[in-house]
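Shared between the two complexes below is chain A, which pairs with chain B and chain C, respectively.
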Partner chain A sequence: MSTNVSAEQRIALPPPRLERGVLGWLHANLFSSKFNSGLTVIGGALVILVLWFGLKWIFFDADWEVITVLGGKLAIGPYNTDAACPGNDCVWRPQAGLLLVTILMGMGWGMAGGGLAKRLALATAIIAAAFAMLPYSLDKMGWDVRLMLAANLPAVGLGWLIPKYTPLRTTRWMAVTGVVVFVAVILLLRGIEGVPGLKPVSVIYWGGMMLNLLLAVGGIAVSLPIGIALALGRRSNLPVVKLLCIVFIEVFRGMPLITLLFMSQVLVPLAFPENFPLNSLMRAAIVITLFSSAYMAENVRGGLQSLHPGQAEGARALGLASWQATLFISLPQAIRNVIPAIVGQFIALFKDTSLVYIIGMLDIVEFGRAFIQGNPEYLPDAKELFVFLALVFWIFCYTMSYVSRRIEHNMGVGRR
Partner chain B sequence: MASVPRRLTYQGIPIWRHVQIIQWTTQIVSGILVVVLVVWFFGNIANAVQDRNIPHGFGFLDREYQTPIGHHFLPYDPSDTFLHAFLVAITNTLFVSIIGVILATILGIFVGVARMSNNWIVSKTALVYVEFFRNVPLLVQLFFWFYIVLALPQVREGYVILNGLFINNAGISIPMSVPSSAAAAGIWIVLALGSVLAGVAAHRWLSWREIQTGSSSYPLVGGTAVAVVIGAVCWLAVGGGFGEAPLVISAPAPEGAFGRIAGGFTLPGGLIALLIGLVIYTSSFIAEIVRAGIQSVGRGQTEAGRALGLPWSGVLRNVTFPQALRVIVPPLISQFLNLTKNSSLAGAIGYSDLTNVAKTMTQTAPAVSIFILIMAAYLAMSLTYSLIGNLYNRRLRV
Partner chain C sequence: MVTTNDDAGAPDDIIICRDVNKWFGEFHVLTGVTTSVKRGEKVVVLGPSGSGKSTFIRVINRLEEHQTGDIIVDGVPMTNDVRNIDAIRREVGMVFQQFNLFPHLTVRQNITLGPMKVRKWPRNQADEIADELLERVGIPEQSEKYPAELSGGQQQRVAIARALAMQPKIMLFDEPTSALDPEMIKEVLDVMRELATSGMTMIVVTHEVGFAREVADRMIMFDGGRIIEEAPPVDFFISPQQERTKLFLSQILA
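Moving on, here comes the complex of A and B:
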């Protein structure tokens, strides 16, 4: 028989103090056992030491002057130098390109109506506008440069309004606008012969972060479709197509990108007739894109293999043609399954754009390195420069992986 | 009798919807396109070679290279042939690749396990490590380490630790055993390998006994002891101790007016920066692979191991990890390949790896032939790694 328990006694007791609140968290996460406590003490001490010396170095010992000396050149490289643009009046062109991009991002925000697109668009515009507010002593920008940077804020607003009042509000139109903006930016940077204010600037002077971003955006946009085609080709039951795809993928995956880039400088000019219009930037872009698409193909193939054959069979049984089954049933699921791998490849591609140094392009890393080499008085500041560059790249790459995780979450991967 | 309506009988498929015809046409067209493209490219190359009088073929391999190579493990002199220089460059890349793979695996497993730790500080530190280092281009990291190494003191003011370890901006010098004569060293190495094998055999026998009888046989201690004892006996037998030792220690020491370090084994600064950068960069990827592998092992396995009374370390070593390896090994191999390929960035920080040497070679030798050689060399390395990985993976299969 159960003993009689009075009403007061029946009230549930709170959990022991060691299992709730801050103390509970500490106990569970830091001091659950002797070994764990030891780890906490040693790890904590190490973290504090690293933080102490790291912060001390960042705020007191490091000499960040080299960043301010390079200033906007880290963004556009030698684009506005005398050699590239006699008169030094070309700086507005990359800036106008940036404005077009922020308008596009604003459109994305207006179309999506908030969420991730809104945060990205606002962050881009605010960061760009924040550079306009830098004190004069830090980066000696003229008022015109500052004004065009600050214009990114209204540009995002303008972009946001476009889907509200024009028919440019579907995904399809967004894609078209994206391509148009990309081409417009290229034209703006390249210049058009005979148009006043748009005198041509040779691609060998394109540089800085601008170059990295152009190569990355172009590469990402083109390598995904090529990669999908290669993956489908590799899985096809047509022996010739399959063999060609395998050879292509394995050759590009078997070699370092740097070797391929270098060979694109030495060998590709021989493989085309003389006077073939293919400049060094185009060659680099093509090689980076093909290299990336070989890896992309393997990622997509992994996604296709993860699908149950019943999916394709079901689609065929419903009367879809085989290309329809692939395009509308298999591929969407396959790609959804490998979003992290694909975005990882995007990130790798973006990081790999720093390898164009081998063909003499002055991207942000090579521009900084060449500056250090040309000005030995800044040699002790090389650490600061590369820490800064690491941070810049990290922000871009981490944003990409963050976006991928959000997209994955929104698509409900692993939850259905 | 119901007759079959005439219009329902088979009338043949129109050509443009006949699956087999479509497939064959696709194949033939794509094949022809590729062949035409390749022929066009090679025709252009052949024309360029003829018109511009560019050297071609592989005859250059016997010529003298006549260019110094910054750092080399094999003996090398500028009067050696292109072929020899090529081998020297491959050895340089292989050295980085093998040492880098070993170190990156150890560090990566360590960080990956730390990432899974239930200690908040440890797991968050590992997370920051992984998220930082894999999101920064390797080139930036290499330059950072390179300029750190360059910022070390000059050779004469360098750090000297215990009179055997020299650290300065030329690199790190450590004592190294070198053979006194080729024959004695050869015999000793064969004998040493034999004693290691004996130790491994003893280890296996003792483990087998431990499993059979259930009583502790200390296989690790026993195996090591067997190897050391046999090794020592062999050392004495070939003349170590009283006659001339087969291996002698060569200690680094400053030499000459500039205090250049001679003797011992010197890792040049570029190589150190390259190894640090490659190992840290690759380990951040390996850590994620290890974490994914460990997570792929069901929780029940860990819990069962704990329930059997194994400590956490024992569960990890004997239950979780062996099962996780099956998931870990294939992507791990591809990271090894990435490390090997990424070592081609060495040229940026002044280390003569395969790509860097080949790049210099194209100034005096035909580019097409060099390209074919590099492709073959990297392909051979990739295949070797894949082969080892696949063999190992086959052993892991249940």
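Moving on, here comes the complex of A and C:
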């Protein structure tokens, strides 16, 4: 019968030649139609042009000397200058802070046992240690500075060992240790009156990447919980709580960060003229954190609204109290759903830390700009400096983006 | 003589509803619902959509709030007192049409969450009961998977196990098979049959007539927010008293 197919005829035929191999890939992805072929040619030409002039500039035309002249000052700003630290013997303090952070990341690696935490910890230690190997002509660091940078490698190992041999191996203890490390770093940088070797360094001299990172880490760590609280408050049934949260969110979202920073320096001292306990760095940190938490609240609220009402019903039907349903059911899912928005806010916050220049703080960008302004012989090199700064920011922001993608992947976002 | 206001209930009634009324805005969704359910009784609730049958079982564990009338579950009156509501919810398990499993938790975590957080059991005790229940609903090998990795029928069986893990005295089923493919309906109904033979008190909203005939002690017919007919399945299916019931049965049995 004609409808019967013999066993031989049922053997699969190979796909047509144009669907396989390099040619097939080219055809499917670059030259599938006349229009797409045209786009491919134009796009290819653009890429070649950009690469040609870009690489030529980077390797032949650009003068990178300004970076080496600034050197470690990009990391710590004016922290170790005569005005900040008479005797210029304070550079070990930010370095010790870095070592503490490296130990903490090593602990994260030891606790997680590998994966993302391992890659981050090793990358931090290796990059920090690599700076110790810079040739003397590039960065005029002393041996003590180089040794403390190289110490980041043993530090990450030490951190890795801690969860193996001490009880500091749970998420809770990691969080506690993280807070302790943050406070310790602040104390190291701030100094303690009367302790030899820890003479106080005023916060107005804290600068460089150190300042950006301190503001960003503090802001990220505090703005997420505040944002969650505001988001829950905005959905609350209690009218007063709800109103307060809405007012807070809309006020902080409705003003530019620069305005808020400026007001924090000008208006707050006017309102509290005598002995106001908060220094300018603290006020900037609080403003950045509150500003960011208003955005965070709306991200989290979006996540909460994306949940099916059946989730809360399922939790209630099991007899969970409403705070338990929120903590164990709604929030984990809500936050998971909006990780991209939350990390976007983290990245925005990190980049916004540069705005503290408006209140006279010397973050990495402002420090570089001020250096060029004060040394006009480097004026032609401004573009090299800003390209370099852009690269530094990109590396940190891309790392955050990468971490968020890995976390999303590990949580199975979009799949379950 | 001891006076009692239990005019709608006898001592072995585990659920008592007296003149329960509920409105959604202007819409009167439950109108003077009075009935009771005995310990170990299996009740199947039928009715057209919008007749109030789902709302009826949702007021029993306060997923919906009724406005007037009394509901007493296992001797605890349903009031606005959170302690009463929590006490009732601990004793009443519920299975939903859309399963409502928690997608960010594994099957095992879905089942152990209630016992650990509400009953405050230690993890190993909760794990033990989870294994036992997964065995009972026929999917012991799926405990470490996430709900999205299971078929609809398996998810609904996990949902039943999750409700049973709280060791409830009453199980409510809100159209448990309506979202399932035909070949998965049987595996869920089999689990429910087994549960019925174990003596559990069950209220089931379903259109599965075969299941109702086989398992139910009593049928309740809802229409327009009222109970219009209550009868054992034999009488209910063979000689319904109300014209509305006859019409409805002729439509779902067609």
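We adopt the following convention: the second predicted complex is superposed on the first by the 401 of 416 C-alpha atoms of A that agree within 3 Å, B and C clash if a C-alpha of one lies under 4 Å from a C-alpha of the other, contacts with A are read in each partner's own complex, and residues count from 1 in each chain.
Keep this in mind: a contact is a pair of C-beta atoms (placed from the backbone, for glycine too) under 8 Å apart; a residue touches a chain by one contact, two chains touch by 3 or more.
This one's a predicted model, so the numbers in the text were calculated from it and none came from an experiment.
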Q) Does chain B (first) or chain C (second) touch A:Gln324, or do both, or does neither? A) second
**Q.** Touched partner set for A:Gln333, first chain B, second chain C, both or neither
**A.** second
Q) When the two structures are overlaid on chain A, which partner does A:Met255 contact: first (chain B), second (chain C), both, or neither? A) first
Q: Examine A:Arg172 and indicate which partner it touches, taking first as chain B and second as chain C; both and neither are also allowed.
A: neither
Q: Would you check which partner chain A:Lys34 touches, where first means chain B only, second means chain C only, and both and neither mean what they say?
A: neither
Q: Could you tell me if A:Gly412 is touching chain B, chain C, both of them or neither one (first, second, both, neither)?
A: second
Q: Have a look at where A:Arg10 lands relative to chain B and chain C in the superposition and call it first, second, both or neither.
A: neither
**Q.** Contact breadth on chain A, by residue count: chain C or chain B
**A.** B
(Q) With both complexes superposed on chain A, which partner does A:Gly310 reach: first (chain B), second (chain C), both or neither? (A) second
Q) Both chain B and chain C contact which residues of chain A? A) none
Q | Residue numbers on chain B that touch chain A, as the complex places them | A | 23, 26-28, 30-31, 34, 41-42, 44-45, 48-49, 54, 117-122, 125, 131-132, 135-141, 143-144, 147-148, 150-151, 312, 341-345, 347-348, 355, 358-359, 362, 367-368, 371, 374-375, 378-379, 382
**Q.** Contact footprint of chain B on chain A as seen in their complex
**A.** 28-30, 32, 35-36, 39-40, 43-44, 46-47, 238-241, 244, 251, 254-259, 262-263, 266-267, 270-274, 347, 351-352, 354-355, 357-358, 365, 369, 372, 379-380, 382-383, 386-387, 389-390, 393-394, 397-398, 401
(Q) Could you list, by residue number, the parts of chain A that touch chain C in their complex? (A) 308, 310-311, 313-321, 324, 328-329, 332-333, 336, 411-412, 415-416
Q.
Can you tell me which positions in chain C touch chain A when the two form their complex?
A. 61-63, 86, 89-90, 92-94, 96, 98, 100-104, 113-114, 117-118, 146-149, 162-163, 166
